[in-house]
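Every chain is named by a letter (A, B, C, D and E) in the order it is written, and numbering of its residues begins at 1.
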Amino acid sequence: MTSTAIIFLIAGLGLITWVFARARAGKFITAGPASVHSLPSYHGWYAAMWAVVPAVIFLVVWNSIAPALGSYAVLDSPLAASLPTDPFTRAAILSEARDLSRDANLKVFNDAAVQLAPLYGEADRRYTMIGALAAFLLCFAGGAFAFTRLRPDFRARTKVERMVMLGLLLASLIAILATLGIVASLIFETIRFFNLVSPFEFLFGTNWNPSDKVVDGKATGFGAVPLFWGTVFIGAIIAMAVAIPLGLMSAVYLTQYASPGVRRWMKPILEILAGVPTVVYGYFAALTVAPALRSFAAGIGISNASSESALAAGLVMGVMIIPFVSSMADDSINAVPNSMRDGSLAMGATKSETIKQVLIPAALPGVVGGVLLAVSRAIGETMIVVMAAGLSANLTANPFASVTTVTTQIVQLLTGDTDFNSPMTLAAFALGLTLFIVTLLLNIVALQIVKRYREAYD
Amino acid sequence: MTESAPNTKMSARDVKVFYGEKQAINGVSIDIDMDNVVAFIGPSGCGKSTFLRTLNRMNDTIASARVEGDITLDGENIYSSKMDVVQLRARVGMVFQKPNPFPKSIYDNVAYGPRIHGLAPNKAELDQIVENSLVRAGLWNEVKDRLTESGTALSGGQQQRLCIARAIAVDPEVILMDEPCSALDPIATAKIEELIHELRGRYAIVIVTHNMQQAARVSQKTAFFHLGNMVEYGDTSDIFTNPREERTRDYITGRYG
Amino acid sequence: QDPASTNQGSSRSEIRIVGSSTVFPFAKKVSEEFVNFDPERRSPILESTGTGGGIELFCSGVGANTPDIVNASRRMKKNEFDRCITNGVEEIVEVIIGFDGIALAQSKNGPKINLSVAEFYTALAAEPFGKGPNTTRRWPDINPALPDTRINIFGPPSTSGTRDALEEIIMEKGCKTDPAVGALADSDKDKFEEICHTVRTDQGYTDAGENDNLIVQKLSTNPDAVGIFSYSYLADNAETVRGIPINGVEPSYATIESGQYPGARTLFIYIKKKHVDVIPGLREFLAEYLRGGEPDGYLTRIGLISSPAKMRSEMLERIKSLPTLDGAVLE
Amino acid sequence: MSPTSSPAPAGHPVAHKTDWMGAAMQKRIASRYASERRFKFMGLAAVTLSSLFLAFLLFVMVGNGAKGFITTEATLTVDMPAATGSISADQLTGPRLSATISSIDVRRIYDDAVEAQYGENGTRYFASTAWTALRSQLIANPDLLMGKADFWLPTSSDVDRAAKDRSTPEAEADYARLRQAGEVRQTFNWNFLTGSDGTDPARVGIWGALKGSLITIAVTLLLAFPVGVLAAVYLEEYATKNRLTDLIEVSINNLAAVPSIIFGLLGLAVFLQFFAMPRSAAIVGGLTLALMTMPVIVIASRNAIKAVPPSIREAAMGVGASPIQVVFHHVLPLAIPGIMTGTIIGMARALGETAPLLMIGMRAFTTTPPDSLTDPATVLPVQIFLWSDEVNRGFVEKTSAAIIVLLVFLLTMNAVAVYLRNRFETRW
Amino acid sequence: MTESAPNTKMSARDVKVFYGEKQAINGVSIDIDMDNVVAFIGPSGCGKSTFLRTLNRMNDTIASARVEGDITLDGENIYSSKMDVVQLRARVGMVFQKPNPFPKSIYDNVAYGPRIHGLAPNKAELDQIVENSLVRAGLWNEVKDRLTESGTALSGGQQQRLCIARAIAVDPEVILMDEPCSALDPIATAKIEELIHELRGRYAIVIVTHNMQQAARVSQKTAFFHLGNMVEYGDTSDIFTNPREERTRDYITGRYG
């Protein structure tokens, strides 16, 4: 009997319990509906829960230990005496034997496994039977226990609903777990990193040339300022120089000028820009934009233009960010009360005057919040910079030169050497923590601004 | 009432307004002259605001709205294609029900109109215009020491007076007020009413109100609207003491509304 | 815990390979052939991690969760071997799969460069000949005869075997052209290594990551850049890049095979003996590897330089008898 | 403002009435209208530029990638009986067939046939694994073993490019020669849709990566959807304000803003290092992406739940529905379209995600599609990334073709989301 | 009014309601019996709705609300921990100011309550309950041919009657109505008032209204609320013709409110 079959059987038993409990509870209704506390079906659910949940929990636990029990049984047999002592080889033979016991047609790789296979089949069958029996017993016991508790005034609904609530609460706790997971994984590695490199050097040093060489317990070449600069240069300066004007003007045009028809079509089209995966942008930047920019730079006489210029990555990232800026600006402009616009128009202001002098200033906090969110998104963006920005840690403001970013270096550091204790791996986590903190702060500030602004007009 | 009176500033002839399919104004004709404050009264939803907004084409901003009939300002059709709506609105100012100062300083609120219309060649003249407007709106003494504060930081009544100052700063010819006191307390209301008294004669003034006492207090002429029709138009004293129409009487005596 | 599983998860039925990016294309080809030969075989899992990173992973223990094979573009180091031993990876088999050269290359569109080892060392070192920081910015700063372009070298990161080879084979040769420095090799080994093995960190040299393909791509878009990567990539991309002669010797199959080219090196794979009869197909895979590396094999077609016949037969013997590596022979 | 010395007395008339019709005023108005037009044009230009960029991107991808769906094939004449010795018909029936085929050295037969037909270096015309194509054709149609037949086999990537566009001079010459020596044709590249990664661009396919993507995304959906919706229900309907719920709120809002690569670091440190889960496996990718997607689903679901008017809840409570019944009978059914929209958008994002998966090793080279959750796998975006790094020109069109496939998936998902949003925007 | 009358269905003793810090009801005691329709009247914000919602614990849904004092249903304290609020609400039904049918079919709207409370063992009985409720709500003839249409597709008055049908379908003992006609036109209002007449005697009915004429028309007893206090409670005829309290008189005669 396979565990799937057992699960199905238990589910079936649960169903039967449900039906019986429901029928029994149905008989309680003798003196009108007010005489019972809960609907019969709740009694059904209550009993079914008792029948199924303990049995399934048991099965899960049993299934995780039963294979081990099976293996011990096999190892106890005289046939197993000839097995090699090396645990890995032994494990391989045993696991092949187990596979063979399930599917005799498998290609045999280790002959020792053939003899053991029947033993395994035997042991596994035995333990599966034991598990199944125990599960069924639990199922019956649980069901019977629940059954005895059914009474007209038994609050089955309350009990069932409490279980559901518990489930809901558990689901929301996962968010906390995930956050804790992130913080813990980043902080532990970062602390180890700071044992090798002083935080001061990491945050303020300008020499980024990471290596695994550890001299006197200190590693060098981990001054991350060039990375921070590159990140800011690409994500917060160049990308925003593209995204803010285009996004803002698009939002203004779509909210204030465009006919409903145009708006209906153009808005989703702009949103598509946000739906294109970043690896596609990265490829586009590397394949098309970067070479074009390079030849453009060469054409206007910039000699040392690099093919992976900050500009190429920044431009494409800016385009990716347009929909973020425009939808935030769109929301903010729409949130400005119409009376404000009417007030200006009634003074004889033209539309553009109204927009420039009244709407945008009034929507500014919202727009700023949106831009901050966009910046946080841009500096955390990885694939575009990995594919189109460079790897040289330059401190330069020349947009045609190559700079590198925090995310690029994280990928570089972690996709090569994967040893968990080298300073380079740890540095990736320190960079990750920095990035995490910065984006977090940006978001908190941005959300705060947006919230205060929303309140101002409500 | 089909011929214009001699001192007529604006006149409407058989104006109909539609919101999409729905007709909100069914042919209204009226003359507005320079000497009198005109009050529009009527039950909620009768079309007072709608008609008022046709007078400076503010209903252009509502996509579904459509206007038929003629409205003239100094004899010029304001719905003709030759009419520049930006200029029209500068000449026909508007004050709204809810005070809506711009989120700018008090000074900038008032200076906004003169600036966009280029009414002041230099800073000194602009200062003068701002000051005059605030003085006339009866707000100067209260705000003269804090002109750089935000207009939204004022009290409701002050905000509404600021909006009036803002409207008169562009030196309009007509001022339309749509229930300018409905968001205000009695003291603020009294101030605005006083202000309207003072502005009378210099501008043609139209005020929409749902408060009959207010209409009686501030206006010389009153138009009573009902279900999209202008039922009666005449001297305020006549309308309130001796209405010609049954419906007007019912409304004035509070039978409905 | 189930004895059918080791302490690191259960058994595994496909081969896992990590290591050198230089050897990566060869390994890719071998696994493809390995599966093509018998479609019922499971495809090996191949990750390019660089030699150093690969050996770290390889040496992290025995068991299903650790790789079976590591590709290396240099010989395993003594300290790495010791780490292996500490982690219980005691029986390691070393197999030479062929030769490779560290090629200097440039775009076909760039001005032709011709370097001596000393010039190249001067362009690359952090402190050439121990005489203060590298101030050269353009090639004529080193030798007026060189083309007047920026010194812009893309090379491997410090974890890679190619980098080690670069330092130990080419830079050291250039460095030793100054007898004073050469003398240090015996007297002050640390000092010598610092002078000869430290690559500049300014704009002249860009660490381009483990991906040699990337460097090739960068060269094709940056005509004045110089790239350092494995000869196989040069051979494979003859369309776009050309080798830069060192001391007048072009990197080519013949010059590397004959040892004339100063940047020749050996490629290795290391196998965990304990995995050999546990992971299905591992023996066949090794055989496939050597078959591809024969003089007319498919690996030589994509740039591997075949080892001499004698060595090949020795390797064939090794993958049968699986002699374990003796740490004493390592440095 | 400079304080004015003498405030004008109230009611003092303004010095001049504005002359609205004057020439100066008219000129001013004209220039104001001009600036109005300029501004409007700038807006239009911004919208146009943004959409043109999208159009350009799609154009480049389709332009490059469309060719990836076409393959060039040339004929190879193989006289099977001559090469294999005679094979009797009953060797080709039933279970004996696979044994028969594996007994044949297809590769040698292929090599010999190529040499016979195209000369000494003839294999260069064909893809390096063209012989496997021959083998699959034989398996598909064993009768071919009984006679001499012409087989269409894929040409090498260089020749393929020469046939489509341009290539190296040698390849173009090869192509010309090939057309003389035998027949050449271009057909739909089924292998691209059914094959896996490989070393020869002429023979690579995306099925392996696509299957990896589907498995990964299924794991993500199965984990993130229920957890996300249930958490949203809890927070929106039941949670009383206290420390714990505040913490949950903050966590969710922050998770939604965390850069995706950080989730990769989490996956690496927690799933791979701490829980020792298998590297490169779809289940780890799915777990990682689920953590990334869950907050998106929570936030979208909460908004959808919030949009259900409170009057519905009151109505249900008024007839005696319990809080759980209120939610499961009324609120959730009404919120489903919004929840679906958010989920689809979250899934689309997960499907296009690359960076976190690089961190957990889903970039390994493997030539067979994954069969289970723990099999090493790669996903479509990572495959695109890996191919984009290849130098061989033949990979350019394959990369773009893979991008087209990915975009088709994503744009469809987004379109469905937009449709759902519009369709169910205002139901009450 | 501290002792319960013999036919008392619900009674409140010294009920106080707080929203956070703010007290909205300051100690109200009242008895509601089966024979009379009780009307709550009073100016806006006086706490009519608040008090009504204490009677079926709908204010449990407002996090900040807190109730003190005793309220009993058939002598049982409804705020005791033994009381199951779900059951309470089935026994004390509620109809809201704005009609709020579920976006489900008319049939399902009415059948929802009986279903969750398990009142009908089979489909036929459920059909019967739905039909009876709709008949009693005076809606049957209008909807019997389109029971599968959405409840939201009905007119406002029909929707409100549907909500009443939904409330009576669970066969409650008390029906609370919070301004059930304020969103309706006069014709629909008349229908609902008629309905209340018919339902009287079968259920204890409490109706909140801001319309004194309506209170006079439909109720037998009236409670006048003011600023969180119940100022006066008595026979409707007395309250309207001969109020004991000054404040009641002022309100009834329209001095304020």
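Here, a residue touches a chain if its C-beta (ideal position, glycine included) is under 8 Å from a C-beta of that chain, and two chains touch if they have at least 3 such contacts.
Which protein is which chain? UniProt says A = Phosphate transport system permease protein; B, E = Phosphate import ATP-binding protein PstB; D = Phosphate transport system permease protein PstA.
Just so you know, these numbers come straight off a predicted model, no measurement behind them.
A.B. asks: Which contact partners do chain C and chain D have in common?
C.D. replies: A
A.B. asks: How short can a chain-to-chain path be from chain C to chain E, counted in steps between touching chains?
C.D. replies: Counted as steps through touching chains, the separation is 2.
A.B. asks: Report, in degrees rounded to the nearest 5, the angle of the rotation taking chain B onto chain E when the C-alpha atoms are fitted.
C.D. replies: 170
A.B. asks: Closest chain to the overall C-alpha centroid, by per-chain C-alpha centroid: which is it?
C.D. replies: Centre-most chain by C-alpha means: A.
A.B. asks: Report the pair of chains linked by the most C-beta pairs in contact.
C.D. replies: A-D
A.B. asks: Calculate how many whole Å lie between the centre of chain B and the centre of chain C, each centre taken as the average of the chain's C-alpha atoms.
C.D. replies: 85
A.B. asks: Hey, how far is the Cα centre of chain A from the one of chain E, in Å?
C.D. replies: Spacing between the chain centres: roughly 49 Å.
A.B. asks: What is the distance in Å between the mean C-alpha positions of chain A and chain B?
C.D. replies: So the centre of chain A lies 57 Å away from the centre of chain B.
A.B. asks: Find the geometric centre of each of chain A and chain C from their Cα atoms only, then give the gap between the two centres in Å, rounded to an integer.
C.D. replies: Each chain's C-alpha centroid was found; their separation is 36 Å.
A.B. asks: What parts of chain E, by residue number, touch at least two of the other chains?
C.D. replies: 86-87, 91, 116-117
A.B. asks: Can you tell me which residues of chain C touch two or more of the remaining chains?
C.D. replies: none
A.B. asks: Would you mind listing the residues of chain D that make contact with two or more other chains?
C.D. replies: If we look for residues of chain D contacting two or more partner chains, we find 32-33, 322, 361, 363.
A.B. asks: Output every touching chain pair, sorted by label.
C.D. replies: A-B, A-C, A-D, A-E, B-D, C-D, D-E
A.B. asks: Which chain B residues qualify as touching chain D in the complex?
C.D. replies: So the residues of chain B touching chain D come out as 84, 86-87, 90-91, 107, 116-119, 123-124, 127-132, 135-136, 138, 140, 144, 147-148, 170-171, 198, 202.
A.B. asks: What part of chain A is in contact with chain E in the complex they form?
C.D. replies: 26, 29, 33-34, 36-37, 39-41, 155, 157-158
A.B. asks: Sort out for me which residues of chain E touch chain A in the complex.
C.D. replies: Going through chain E, the ones touching chain A are 84, 86-87, 91, 116-119, 121.
A.B. asks: Give every residue of chain A touching chain B within the complex, in rising order.
C.D. replies: Touch residues, chain A against chain B: 260, 337, 339-350, 353, 357-358, 361-362.
A.B. asks: In their complex, what parts of chain A are in touch with chain C?
C.D. replies: 67-68, 70-72, 75, 86-96, 98, 107, 109-110, 207, 209-213, 221, 290-291, 294, 303-304, 306-308, 390-392, 394, 402, 412, 415-419, 422, 424
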